[in-house]
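Handing you this structure, nothing more for now.
When the chains are written out, they are named A, B and C in that same order, and each has its own residue count from 1.
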Amino acid sequence: MAAVTAGSPSGPSTSRRSPDRGRRREVVAAYLFALPFLALFLVFTIGPVIASFLMSFTDLRSADVRSPLAVGLIGLENYSKLLSDETFHKAAFNTGYFVVIGVPLTMGLALAVAVALDSGITRMRTFFRVGYYLPVVTSIVAVAVVWRFLLQPDSGIVNTLLGYVGIDGPSWLRSTTWAMPSLIVMSAWRNMGSLVIIFLAGLQVVPKEMHEAAAIDGAGAWARFRRITLPMMRPTLLFGGVVTMIGYLQFFEEPFVMTRGGPLDSTLSTAYYTYNQFGFGNYSYAAAMAYVLFVVIALVTALQFKLLGSKD
Amino acid sequence: MRILHKRGLTRAVTVTLLAGIVLTGCGREEDGAAEDTKAKKVSGGKASGEITVWALGAEGEKLGEIAADFEAENPDAKVTVTVIPFDAAHDKIATAIAGGQTPDLSPVGTTWLPEFAATGALDPTPTDVIDADAFFEGSWSTTEVDGTSFGVPWYTETRQIYYRKDLAEKAGVTPEKGWSWDDLKAFTKGMQDKAGAKWGISLQPGGQGSWQSVMPFAWQKGAELVEGDTFTFNTPPMQEALEYYASFFEEKISPTDLATGALETGFINGEIGAFVSGPWHMGILRDQGGAEFEDKWAVAPMPTEEAGTSFTGGSDWVVFKDSKNRDTAWKFVDFLSQDAQQQKLYELVGSLPAVQSTWESGELSTDPLLKSFGEQLQDAKSAPAVATWEQVAAPLDDAIEQVSLGKSDAESALADAETKANGIGFGS
Amino acid sequence: MTTSTRPEPATATVAATDHAGPRRRRRAATGNVGEPRAIPWVYAVLIGGLVLLVGPFLWMLLGSFRPDRELKQVPPAWLPENPTLDNYRTLFTDLDFPTYFVNSTVVAVAITMGNLIFCSMLGYALAKLHFPGKRAIFGLVLGTLMVPGVVTFVPLFVLVSNLGMVNTFPGLIFPFLAGPFGVFLMRQFFQSLPDELIHAARVDGAGEWRIFRSIMLPLCKPALATLGILTFLASWNNFLWPLVVAQSEERYTLPVALAIYAIGENSSDYGLLMAGSVAIVLPVLLVFLVLQKHFVRGIAMTGIK
């Protein structure tokens, strides 16, 4: 069962085996592999990122864009202003709430669907795959209309169903308590599809033979899932977790179309607030906000790598 | 692996900080952006050469037809119209200014103009070709920043009270010019109590842009949003207006949780007796209500206390400083400000003319609904000409929501908004 | 999966096999060990979930055949009362649909190809090769994934206009040609492939490029398909960047053009918006249908010799 080690990158023992010349060749090859990407990446991604980072230490506003160098350097003033910005605190709390509930929910659902789609069903397999991907491609306008209809206080489907069991459902999107949970469920619904196909791809590295061998040995479906599927999928799960979290920490579209951040800022996210500041032409303040968010994302990502990353 | 990650970041940050040192030589000049605010003269004669025009949304789609007339009058001129979506026009123009990629001219929303003017990208209006007095005062004021005009009104709009005529009749109430706040309250309550409307009126319970709904009431009591170089949100007229506005929610005359899109349906099926909106709702109601609904509704002017003021918005033409054909651009703007073109724009897309004399002929002078809007335009104000206004309005919107939902009283909510607004300042 | 993926060396304990080999087909016919009882249950749950998922899509599809007025009813109805093709007529006659479609396709295909090539190359190097600076590069790539696009937007536009790329295809394409997302995805996927394949190939004297191109990359089809679908979709739906870079209508992409005609200052044409959304979605679904076939096992254990 040598393939069990497949998930981990080669340790130092393997490279020690290679002769020096081979190692040099590997390094040159690696740089050549990296070159095309890095060239484009440095110009079009790192360049603007550095510019925006520098911007966060100035008082640049949209009024200054014609002479961006003639602005005041204000050091950490934008950052200290953020510390006392109540709306930002509220947005940060909302974003945390959204991520803590939303990420596990979305990951769990997506993993369940991916495993089900990969469990050997053959009939209508393509049909199901397309079906579960549809929310991702459906126009956000249509999604918003239908979800508003689902969540309407009087005539909405959700409250009608709740009414049958004697529950008087709230006005979901206009309640400071329920607006956020509503958006979390909606986001899980909308973003699950992308994660399903990522997990589907990840599941393809789990050799069927391993499952079969384990099944012959009497391992049940759940045991096989835990001992074979999950460990083999670790790199993909890590990827899915990090990407979902990064996406969710920047969550914006759902409150934008459903609640405009309300009621009383209860669904305002940091990304939404950053977007608003950008719209106000407050470029430097928006940048400072983005980099505070950046630090948080980086820390949580590091934590995820620690928990899920391969141990080398 | 986590070390790997951390090291990568550290390195990225180091590189960035090094690059930052390059910037240390810069700073704001003492006298700020002392851009030339003196308008240059426009040469006489016919227009010539090529100009690029951005145009927004529905008005933009039809601008080509008007531009063709201009080309016919000025055979040496060529107008290239590029239509851009209204949705993101503000971001597109702001970015274009940053990248130095502006067209020769473009319409901008009236509340955006001060922000763009502050960048120094706009050419001051040449008063030798454009006559300020031809326009509604409220509209012209949207082009002025610190006493200099940076644009020319293209079309305008103002808010009035749409109401169900049949329900009002049943309730035995009629709105008329000069009615008071108490009359409006009694009117909406009457439709609710006596004519079976679920809601007497639908007002926006806070949220983005709700300051536009509340300010008319504040102006009716004589409020001023800016005095000198401070924002004055927490004044007695503002408090009175916000309290009055919120009383509609408190007394359950207006809903607080109306679903998006439910306003029109509710108004057409008689659940909602009235709402406040601009001229575009005439088209929407005709569209969605059909022919049988046509005579069931009307518009009423804003109530009058010290004044009967409403809000005015719309769109202004601006010419960019980087224009290579400035004279032709301004001649095109002048052309668009003539009665014939203003009338044509109204006929093509239903936008209300910003030029007063255009209202003296045609449908605009005979249709009672339109006439009512025309009269309201005589007493309408817009946002203060401040570059940071959109940002400053956000805390005001928050205050309105707080009070509308009964979470705060008007005085403390407005005091809070005023503090935040003055913290943001005027952006210079 | 082609047979070229089969590595020549016999020393490897793990080998790529042809998915559609006769052995597998026979097994599918007899049913998978331990699975049959679970399957009806899986179908039931999957179908149940599907109902919740396709609702809005169905509404969009039906809505595209309804007049705008009907779409604005609250609560919304499901079936068109007065079915009409007007929305599609407007879409294909008032809009210069072919131009926008070609623009969108050129941009999305170029960006997708670029990401597939560049990201898999770097992703492979990061996962399987040893070289100094590897961790820094990965950190940098991952780091930029965390910076919200809204704050780099203006600097990026200033850059692109200084490069003279405004209103050109390169301006629409280059900024997205090498995305951090793809590198991360490919690195993770390559990581889960066994190193033994590479070692065996090296022993056999295969060059690094050949190992990547002929052995490792073909095993990545599921990941490449995923990256292809996600990149294509993101690029196809991108709105703000093409709007800002395209300065004339002949460079507009579909979402930009649709926004002009369907979204107004004070009210939007939902009918046109739905028809446009359907027209925009179809190519994406086509890409999905083609690429999802690659979600097959590229690797399987062979018996130990």
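Quick note on the criterion: contacts are C-beta pairs under 8 Å (C-beta built on N, C-alpha and C of every residue); 3 or more make two chains touch, one makes a residue touch a chain.
What you see is a predicted model, and the numbers here were worked out from it, not measured in a lab.
Taking A-C and A-B together, the pair of chains sharing more C-beta contacts is A-C.
The central chain of the assembly on a C-alpha centroid basis is A. Distance from the centre of chain A peaks at B, each centre being the average of the chain's Cα atoms. Chain geometry summary: the mean Cα position of chain B and that of chain C are 40 Å apart. With centres defined as mean CA coordinates, chain C is found 16 Å away from chain A. In terms of their C-alpha centroids, the spacing between chain A and chain B amounts to 37 Å. Shared interface positions of chain C, defined as residues touching 2 or more other chains, are 74, 134, 137, 140, 142-143, 153-154, 158. Residue positions 65, 68, 145, 152, 298, 301, 310 of chain A each touch two or more of the other chains. Residues of chain B in contact with at least two other chains: 5-6, 9, 91, 94, 98, 100, 259, 261. Touching chain A in their complex are the following residues of chain B: 1-2, 5-6, 9, 15-16, 19-20, 23-24, 26-29, 33, 90-91, 94, 97-98, 100, 115, 118-121, 206-208, 256-257, 259-261, 387-388, 390-391, 394, 398, 401-402, 405, 407, 427-428.
Of all residues in chain A, only 2-3, 5-7, 9-10, 14-15, 18, 22-23, 25-27, 29-31, 33-34, 36-38, 40-41, 43-49, 51-52, 55, 65, 68, 113, 116-117, 119-123, 126, 128-139, 141-143, 145-147, 149, 152, 155-156, 189, 193-194, 197-198, 200-202, 204-205, 207-212, 215-216, 221, 232-236, 238-239, 242-243, 246, 249-250, 271, 274-275, 278, 283, 286-287, 290-291, 293-294, 297-298, 301, 310 touch chain C in the complex they form.
Against chain B, the residues of chain C that register as touching in their complex are 68-69, 72-74, 134-140, 142-143, 153-154, 157-158, 160-162, 166, 239-240, 243-244, 247-249, 256, 259-261, 263-267. The residues of chain B lying in touch with chain C in their complex are 3-9, 11-12, 56-58, 60-61, 80, 82-88, 91-92, 94-96, 98-101, 103, 259, 261-262, 264-266, 278, 280-281, 283-284, 287-288, 290. Those residues of chain C that touch chain A in the complex are listed here as 13-14, 28, 32-35, 38-39, 42-43, 45-46, 49-50, 52-57, 59-60, 63, 71, 74-76, 114, 117-119, 121-122, 124-132, 134, 137, 140-148, 150-156, 158-159, 174-178, 180-181, 183-185, 188-189, 191-196, 199, 202, 208-209, 212, 222-223, 225-226, 229-230, 233, 268, 270, 273-274, 277, 280-281, 284-285, 288-289, 292, 295-301, 304.
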